[in-house]
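Multiple structures are listed underneath, in structure tokens.
Common to both upcoming complexes is chain A, partnered first by chain B, then by chain C.
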Partner chain A sequence: MSIAELESREIQLEQPQGLWSDAWYRLRRNRGALIGFGLVSTFVLVALFAPLIAPYGPREQNLSLVADGCCPGPSAEHLFGVDQLGRDEFSRVVYGARYSLLIGVVSVAVGLSFGLVLGAIAGFFGGITDSVIMRLMDIMLAIPGLLLAIGIVAMLGPGIWQIMIAVGVVNIPIFARLLRGAVLGQRENDFVLAARAIGVPKRTILGSHILPNAVSPVIVAGTLALATAIIDVAGLGFLGLGPQDPATPEWGTMLTGTIRYLQTAPHLAIIPGIAIVISVLGFNLIGDGLREALDPKLRGRA
Partner chain B sequence: MSAARTPLLSVDDLHVRFGTSRGLVYAVNGISFDIAPGETLGIVGESGCGKSVTSLALLGILARNGRVTAGSAMFGGRDLLKLKDDELRSIRGREIAMIFQDPMTSLNPVLTIGKQLREPLEAHFGMDKGQANRRALELLEQVGIPSAKQRLRDYPHQFSGGMRQRVMIAIALACEPKLLIADEPTTALDVTIQAQILELLRTLVSERDTALMLITHDLGVVAGMCERVNVMYAGMFMETATATALFAQPRHPYTLGLLQSVPRLDSGRRQKLMPIPGSPRNMLSPPSECPFAPRCRYEVEQSRQQVPPLEEIEPGRLVRCFNPVPADEWQRQRVGGAA
Partner chain C sequence: MLRFVVRRLLLLVSVLLGLSILVFLWIRALPGGPAQALLGERATEESIAQIEREYGLDKPIYVQYWRYVETVGQLDFGQSVTTRRDVTEELRQKFPATVELALAAMIFSTFLGVPLGFFAAKRYGGVFDNSSLVASLIGVSIPVFFLGIILKYIFAVQLGWLPTVGRIDVLIELDHPTNFYILDAIIAGDPNALLDVLKHLILPAIALGSIPLAIIARITRASVLDVQNEDYVRTARAKGMAPRIVDSRHVLRNALLPIVTVVGLQVGFLLAGAVLTETVFAWPGIGTWLVDAIESRNYPVLQGGILFVALVFVIVNLIVDVSYAFLNPRIRLS
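Moving on, here comes the complex of A and B:
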């Protein structure tokens, strides 16, 4: 085989195409990220197929089960036991995955969409626009996240959509800041100047030159924010600011109802707690894996 | 002679300043030049003398803190320096295009070469993707990239430096501009590739009768490519002449200094290189004396009192100096071998 042939083979081996496929390649070789994917996909599947998995309805009460006091522990009929109203804990946790997933995704989507737009505008246009937007974000960041969320729920009234919005709004400044920084860094790049020099319109420069290079930290932060959002929502639910129907199988709300039974039936608090931990852990592992995969400093290393 | 042709671009008394935390930087202090269609004009100078700033100012893509404070740049009956950003945008890439120094960073790493080649075509001609792709393929073939069709789908990191600069040239020439500004097009490349890229530029430019403004610090590049050369220092032209005249008989002390500091194959073995002493002028104040005076061996009293005017001391040659170098000085030094 000639040297040229060897070289061309080597080049093919070294370079698994573009930026994203490169990142994907490295992500697949990261054990933590794979475990994260496993946990999250289980979580998503459980949420999607809840009616098939759960043996009982989430609101189905059977008070005769708690006639002898609260609350019977795990048994063959009730895998995780029953709660104070005789509802099957396993079914409730399974249905709860739906709420947590929905809440996490919607609130991050709210934060991400507003945060991205604001951050991109601030970073790209700079000047007064930038100052006004970023000072506003600073004000929001000055208030502790959960407190701000509670304030917003207090304003909108409790409820599941309200807490999604509240948690989303809390996320806006985080994403805006992150993207602004990344856009500022990319804006000074030679290829941006080169694109301007050939007359590419501003909007295209922002959309197809700056943003694709600036989003990777935001993707990582978004994944990690999903985890935080689930915790925040559970926290708000626990404080009684979540769904007003106490029968809703939302994990945080479930915890609230069980405080009184902590000594006699600790599994009622532990099981939704574990569900929260597992889903949060899954998103965190994926987020960390993504961070490593997308880090330009690590690019090229396997 | 280029003077007979009507100029394509006529720059007059261009001034550019930058506002920085240390004060105003006087980057370009009144430069004037003409380029005729098909002409190749050289601008030579060391780093920081305002070469690149001049070209960025013409295209209206100076950094945010940069301002054109005086001057005009007539191009096709319009003053580039007075156009609105939208109007300028329709000129950039369409009528005046630019190639940058570092092909490693001037291409966007996340977009395919094909996409980046299509961009000017879509922006200026409103071509759809199919048309633009066909044209992009043609362009890649013209700049000598093998198996162009497959390479359209490749990303910049899959190209070598020389190949990337070829792609940059293809992008710049996509809309057949009338003027091409090449800002140190070969500085980041190794010497063998430099020659190829210059050859390619020369061919493409002469085929299309495109005017080329070549900005470089490399005297060798200028000697091989340009008809007229402007030597720039501290934001001013110090000497303007035809390339042949400039290299045979430098008349400005700075030009002489530049030539003396470059090794030559035909010089005597004992000939020493003579660096220019001192460092470039601090640009934080407007020039009030000859900017080169502190480093100059030919300095006269007057040089410290006022900025010398750019004067025509022989036909076709302008020199900004009160005490120009004797016409035969350079020749004498080279033959004598003594410095």
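Moving on, here comes the complex of A and C:
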């Protein structure tokens, strides 16, 4: 054994595989997750560069195109055909990616932030605080998600911001429960006991010892929640509770009016629907991949 | 066991009490009022005041809540503002429609999902396993209403095999003693009506059952995979028990526990979450009823309907919990 070899081994020993690099390694070998990343990055790029990709404006009408009835299907000028008002379907779907991405991210962020705070407080302080918060969460969970969202939209009135808040609120109890469970699990650990023994303040224990260790289930749940949020938002849009300006190219809203044209123009229903499926599938694939990569119990199997 | 059930029931009461307060407050927070919605834009102050008196909306809020609790305790949800019929009576008509749909969806997803998951686990890593994984991923990624539209387009519009909307053909006359149309048709002894009702049920049930199907298949697969490697399964195999008996008596029975939980949870979601499916297929159930009620600010219907749906949801979850403890002695003892 040469000296160079000895040295190189020592360098390896100095860099133990951390949770994240380990997870990243397994994620890269997961074909499903890679496909998911591909789908989601396409989705994000389309949303970012919508004005460059779309050949027409999303609200640009050309009624002469639908003079012979609704609606001309795919052609060279209009890749996905045009809708009942002569708007280019391709451009509308491209711009729709912006709404779905924005609404999905904001609503999950709302649910995540409130849910995390409530769950962390409930789990860490326990006792009556815990009981009050978790009973409230139980009550929210007793109303099925979509119905709760519809109820909130009914209270706030229909619109984009309203459905973001509604879907976000529906997510709160899910994250609160998740984080409470994770905190309870971490609280009993020896390093927490040690920190408490040397007099570290409670807030610091929560912030720098417990929360960082509870992060991975939250990331997984957050990714999967994005998928659900996009579906829920589209559902609310489909029920007519989304953006009230019918020209807004939101995917769910785009589907609403198209049932009437199912016989003559099925592409109007199929294309926005497929756009929803692709983006949701992407987030689901990444979420599943992350769960497998981050779950220590599954570590041996892959 | 008894203590477990009692504790769960106490929890149920507290949740329902909180829920009733929440629903009550939420309804007061809705913009506009029922009187406004009922009378339209040209309502005069006096006519609004009269409607409000009629429905007791002019009393202080705690009086209203107390009256509400009293009447709800007697299962009286008041009168629908738009149809002037008892909410309980409308509920009796709408709820069976949703239950029928949810049960059909559940039967479809369970009877297909469990075998699919089981065979996927048996052929772990094989072509069937991988394709069923992909299929179930796509299954959970398709919005129910989009799947409904696609099914409608293929089987109703293009092929013309199945009807597009409603529960029964308008030309068929059928008495509705139970409002479960399948039962009604059987009671009436009308095979044509029964066939028509079943035909109306197929597409909505498949659309609604798609997500539970995917979830049940995945859980079954994971659960069978877990159980298959247990010591008692290996012992049974080692002593030469026939593979079929090992599968049915040892593997499937033990793998059933998580499946029961998931099936139970899905029933609750189906009962309430059928809103979108009902909208696509114009199914006259709870979902469409509540959405209409929101549009017309139909307070009594909203109160009664949401409280009722939540009640059913919570009770189904309770039954699942209890049956889980019943099936699994390990939980009962701890």
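Operating definition for what follows: the second predicted complex is superposed on the first by the 285 of 302 C-alpha atoms of A that agree within 3 Å, B and C clash if a C-alpha of one lies under 4 Å from a C-alpha of the other, contacts with A are read in each partner's own complex, and residues count from 1 in each chain.
We take it that a contact is a pair of C-beta atoms (placed from the backbone, for glycine too) under 8 Å apart; a residue touches a chain by one contact, two chains touch by 3 or more.
No experiment lies behind these values; they were computed from the predicted model shown.
Considered on the superposed chain A, chain B and chain C are sterically compatible, since they fit side by side.
Once the two structures are overlaid, the count of chain A residues touched is higher for C than for its counterpart among chain B and chain C. When both complexes are overlaid on chain A, the residue A:262 reaches chain C alone and has no touch with chain B. In the superposition on chain A, contact of A:144 is made with chain C only, not with chain B. Look at A:52: by the touch rule set out above, it reaches neither chain B nor chain C. In the overlay built on the shared chain, the residue A:201 is in contact with chain B alone; chain C does not reach it.
In the superposition on chain A, A:235 makes contact with chain C only, not with chain B. Using the contact criterion defined above for the overlaid structures, shared-chain residue A:209 touches chain B, although it does not reach chain C.
When the two structures are aligned on the shared chain, A:191 is found in touch with chain B, with no touch to chain C. For the three-chain arrangement built by superposition, the Cα-centre angle with chain A at its corner and chain B and chain C at its ends equals 100°, in steps of 10. When the two structures are aligned on the shared chain, A:126 is found in touch with chain B, with no touch to chain C. The minimum CA-CA separation between chain B and chain C in the overlaid arrangement is 12 Å, rounded to the whole angstrom. Touched by chain B in one complex and by chain C in the other is not one residue of chain A.
Looking at the complex, you find that chain A touches chain B at residues 11, 15, 17-19, 126, 189-191, 193-201, 204, 208-209, 212-213. Partner chain A is touched in their complex by these residues of chain B: 56, 59, 61, 64, 89-94, 97-98, 100, 102, 105-112, 115, 119-120, 123-124, 155, 157-158, 168, 171-172, 174-175. Interface residues of chain C, counted against chain A in their complex, comprise 11, 14-16, 18-19, 22, 26, 29-31, 137-138, 140-146, 149-150, 152-153, 157, 268-269, 271-273, 275-276, 279-280, 290-291, 294, 306, 309-310, 313-314.
Those residues of chain A that touch chain C in the shared complex are 32, 135-136, 138-139, 142-147, 150-151, 154-155, 157, 227, 231, 234-235, 238-239, 252, 255, 258-259, 262-263, 266, 269-270, 273, 276-277, 280-281, 284-285, 288.
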